[in-house]
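In the two complexes that follow, chain A is the common piece, with chain B as its partner first and chain C second.
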Partner chain A sequence: MKKLCIALALLTLSGIVPRAEAKVRVISTLQDFASIAQAVGGDKIEVDSLAKGYQDPHFVDAKPSLILKLSKADLLLVAGLELEIGYLPPMLDQSRNAKIHPGNPGYLDLSQGCEVLGRPTGTVTRAMGDVHPFGNPHYWTDPENGRRIARAIAARLAQLDAANAAAYQSGLASFEAKLTDKEKQWASKMTPYAGAKVVTFHDSWPNFAKAFKLEVMGHIEPKPGIPPSPTHTLEIINVIQQNKIKAILVEPYFDQKAPKFIAEKTGAHVVVLYPSVGGTPQITDYLTLFDADTDALVGALGGN
Partner chain B sequence: MQKTWLLGVALCACSAGLALAQDTPPPETPPPPEAPAATGGAGTYFNPSIAVIGNFLGVAGNNDTENLPAASLRESEVSFQAVVDPYGRGDFFVSVGKDGAELEEGFLTFTALPWGLLAKIGRMRVPFGKINPLHGHVLPWPDEPLPMVNLLGGEEGWVGDGGSIGKLFALPADIASEATLAVFNGESDGLFTTPETRREVAYLGRLRFFRDLVESTNLDLGFSYGGGPNGLTDTSDTTLHGVDATLRWKPLRTATFRSAMVRAEAIWSRRDDPLATQDANGWFVSAEYQFLKRWFAGARYERSDHADDASLQDRGIAAVLTFWPSEFSQLRTEARRRSYANGETADEILFQVQFAIGAHGAHPF
Partner chain C sequence: MTLMELLLPAFVASLILTGIHAYLGLHVVERGVIFVDLSLAQIAALGTTVAYLMGHDLHSTTAYVYSFGFTILGAAVFSFSRMHRKTRVPQEAVIGIVYAVSAAVSILVMSKATQETEHLKEMLVGNILSVTWPELFRTAVLYAAIGLFHYIYRDRFLLISMDPDEAERRGWNIRLWDFLFYVSFGFMVTQSVAIAGVLLVFCFLIVPSVTAMLLSERLGPRLAIGWTMSAAVSAAGVAASFALDLPTGATIVATFGLTLLVVAALRRAFRRERAGEGAIEAESARV
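Right, the complex of A and B next:
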């Protein structure tokens, strides 16, 4: 009996014996996916994320503390399209967790099934900057892609945890209903500014611009990942002046020196637009993300 | 009968109506457009990721002890990396220099082992300390610190053919820890050698502790122990102890354009010698600061005894400036003064250009 108890204790410590009332442990590279997963999975899952909402999602340090999180996960949610290529592959190897390796049910690339824009059609070279050859990976900034993401997560959770499939379906329905209501509010708020022209720092907003009918006229980065040169800065100043552009959209993790300089020269407003949940303490979930961003845009485009 | 039938129809209609009212289906999301087919055809799906990194070094100044050429493509590294099967991945790094091509590393990593284990087998840069396992192109200097050169067998460091196994642990106080054990054959240029290649092996043990002190700052501590035959007699060994510490500061909001790092490493070498056991040690401390998105400035102090004669000591001091035009190219200059045990003091300027083509590699951490 004593030996049996010791063996059971060792097996439990080693993770072979399932935990009592085991929840599905979900880890996401982005807080946005974690937020949607939480809405769908409710109390049936535990969710965590690797990147913070105010952090450049291209550059996350492969810290051992994050590798430990990966080592315990049942499901990994990734943006794909090489957004995480600089840190996730070595972390996955180091995680010693084959469940969440690509090709297994515990790995979910959410770009599959979403509307991805900016897929290069011709030859792709690094003369184009740090370009993403499979398309722009910032697709979650379109709420309709948020709906697709939620559906994909619900389906995968039901596959991994069939006993709670009904709960995931219920969580999905609730999330979709709230999203639908919110989309009406956001559309109503943004309708007066349909067709508004904007400039962005990085090419992060094609899906957001399409969803809210904005026209992106240029980027402060001359090419993805390349800081603005004086010549390109002058070109952008001309673009803003010629098109009477009111808003320069900048993510919170970029240096605002160049955008502020351009704003001073043109009278445009620098709008810190948050691409992810957690960007500020007020952006607590996927729905408040768009509340905050549409409010910020209305403020700038409306001249407030 | 007819009444019952009508009642049934009415009830069904009511319940359907209620269901519709309660669970209004969300609008249909239009399906996304079809992704374009992958180019290159099915034949390329399983090809490894390939990259080539060029490392050019120019040197100005006089140095008779380390007589580096005025200009040289010091190394070109070709990497091939792919998943082998559901159980592991393969990595090959071929270094091409003026003396020809050499397999710098080639190993299979078993990524699906039970009990949280990770095993590697093949040829690899041995994880003794923080610097030895790194390839030259990810070092924050154009040269190797003196303790690595003097105590770990030369510029190439400790490279071994063998296997390692490691396990991650979560310790109290949010400390992430990793323990690694490894065994290699008894040959590593300039460090270990034995005529009895099957009976004499080199070995390594390493413990690493990592903690996020606050969100922006983390501390990485490592303790290494290793040894192997030095070939001076049938039974003489060289034993190595190492301690390394890395303190990183990188606020997440400004991580791409403001960061700092301080690192230090110390190595103790005990070399059995029939004439006199040599107890040598060496250490370096280095700091770098990122002051713009693409600019880093740093400094390093280093000193090290010679492994084969601990009475000889080299010292050095260096200042480094690095500019990254993009993630895939790097220009670096280092002004260094090294004072060698032979009495020479050399002042030099090193100028390094590195460039990468092919697959996007992992960001160093």
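Right, the complex of A and C next:
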């Protein structure tokens, strides 16, 4: 009985007194940010993510477990640019964790400091359809933005957990070195296909196209969720035929019926390109993501 | 490739849909089970989803077998629920419950799947523009088989749909015929939803037979009106989607709605005029 009391007392105390080795709890919306944070923070942090890499990042079903994760987090990493606007704000409110609300150090919007493409110039109106008024939120598909993301995370971790600042700095240095190495590999793999023309399902690959020197000639479904008109479908078919485009890029979570139909008509290939870490079990971190995607592209662009 | 080459399969598809849907639509409206197609389509989608989770390709034969298996299950439920009239549970309630539960279970199953989750949404929206000729051929053969089945047993199916009490008096096994009706209907709906999506299939089924009911009480004319209207609306819808640069499926649906509205308005105006004439005649007779 006495032993039990002591054990209970210890348990209670351990909850109140912060342990010296307490890890910073990081939660991110995308698995990509989680992977980069893990590379930077190593064993000093504990990382988890809300959306799985195989899900459409615009829609995440609120599950009780996700709110629980948010309520315990010290640092929240978001893509911003309204990518998470459909699900994050209510979950954030329900988490009752002021630390990670916008404006506090526990909230980090990674789009700031990254190169964001497709910022509309002039005023945005409803008539333009489903545009992201702050720019295209799929910016992490450029590895150079991955570097910027890593730097931002390292700086913020050092601010929140000054005792381990040196560890974060060295974590960042080793991630950047690996990334630089890999970038050379990817670039040489893609060199023969520089300037290759492609068509994408939605407008979600401008950063990827820029980084890997592809030219996006059009989108199969310009407005997500609304089937394209016959004229538009015909335009895309003609663009593919005239430019002898070999690849139609589709994210894994979209139905492939329409892209396959157009591919059949034109002789192009449907390439399933993974936008995020965890899209398939083989893509375990931010670097293998680009390994897989460049492999898929080389397969389609190189084959006849 | 020209626009004609792109639009022609879509137009032929809507003509093929017209043939069987306008006929089975008569049954569905007579039976008062308007939403049975949505419900069976949803349960078929659940079957495909389960097949997908078991590792089969979405558009494979195995996936089709799964979706058909689930449809048979739904058909069994609907053929039994008619018998519960004594408890005063309307069949539409059972249909609604099947719809809601299978939609929810599809979401649960998909939350465990890793890819093509959009497929659920896509299945119900459909894109009639991406239909291919081989697919159309298979569909035509399937519909012809279902049509033949219904033609051979037309006396049974028609009487049970229009006058179930009389059918019961004759001692027919209504439960069995209901089951056969829903199985064949489910077979058709599974295929047509894959091509055209739920909205369009619903319109092809319900709007022609409702329009025909406004204009005639006899079966033959009603069928003729339904087929004519359906074919004309398909042509007008495809043409409008081209002229106004709009998504084809949704344009056809809107054209169906507009046509029904116009027919209903004309009928009312016409009836009034006739009623007015009748009153004058009565008046003059009195004088």
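Here, the second predicted complex is superposed on the first by the 279 of 304 C-alpha atoms of A that agree within 3 Å, B and C clash if a C-alpha of one lies under 4 Å from a C-alpha of the other, contacts with A are read in each partner's own complex, and residues count from 1 in each chain.
Rule of thumb we're sticking to: a residue touches a chain if its C-beta (ideal position, glycine included) is under 8 Å from a C-beta of that chain, and two chains touch if they have at least 3 such contacts.
All values derive from a computational prediction rather than experimental measurement.
J.: Mind checking the superposed model to see whether chain B and chain C fit together on chain A or clash?
T.: clash
J.: Does chain B (first) or chain C (second) touch A:L234, or do both, or does neither?
T.: A:L234: touches chain C, not chain B.
J.: Have a look and say if chain B or chain C is in touch with more residues of chain A.
T.: B
J.: Check whether A:G42 is in contact with chain B, with chain C, with both or with neither, and answer first, second, both or neither.
T.: A:G42 contacts neither chain B nor chain C.
J.: Taking the superposition as given, does A:K265 touch the first partner, chain B, the second, chain C, both, or neither?
T.: Only chain C is touched by A:K265; chain B is not.
J.: By the touch definition at the top of the document, which applies to A:D56: first (chain B), second (chain C), both, or neither?
T.: A:D56: touches chain B and chain C.
J.: Can A:D93 be said to touch chain B (first), chain C (second), both, or neither?
T.: First partner only.
J.: Based on the superposed arrangement, let me know which partner A:T280 touches: chain B (first), chain C (second), both, or neither?
T.: The answer is second: A:T280 touches chain C but not chain B.
J.: Just checking: does A:Y253 make contact with chain B only, chain C only, both, or neither of them? Give me first, second, both or neither.
T.: both
J.: If you stack the two complexes on chain A, which partner ends up touching A:P222: first (chain B), second (chain C), both, or neither?
T.: Neither partner.
J.: So which bit of chain B gets in the way of chain C here: 290-298, 308-316, 326-334 or 344-352?
T.: 290-298
J.: Between chain B and chain C, which residues of chain A are contacted by each of them?
T.: 54-56, 61, 225-227, 252-255
J.: Would you pull the chain C residues touching chain A in the complex into a rising list?
T.: 1-3, 6-7, 10, 58-59, 107, 111, 114-119, 121-123, 125, 127, 129-130, 132, 241-242, 245-250
J.: Taking the complex as given, what residues does chain A use to touch chain B?
T.: 14-15, 52, 54-56, 59, 61-65, 67-68, 71, 82, 85-87, 89-90, 92-94, 96-98, 101, 103, 113-116, 119, 121, 126, 129-130, 135, 144-145, 147-148, 173, 176-177, 179-180, 225-227, 252-255
J.: Any idea which chain A residues touch chain C in the complex?
T.: Listed in rising order, the residues of chain A that touch chain C are 54-56, 61, 225-234, 237-238, 241, 252-258, 261-262, 264-265, 280.
J.: Which of the residues in chain B come into contact with chain A in the complex?
T.: Answer in residue numbers: 23-24, 26-27, 29-30, 32-33, 35-36, 86-87, 89, 109, 111-113, 115-118, 167-168, 170, 174, 176-178, 208, 210-212, 215, 218, 220, 248, 250, 252-257, 293-294, 326-328, 357, 360, 362-363, 365.
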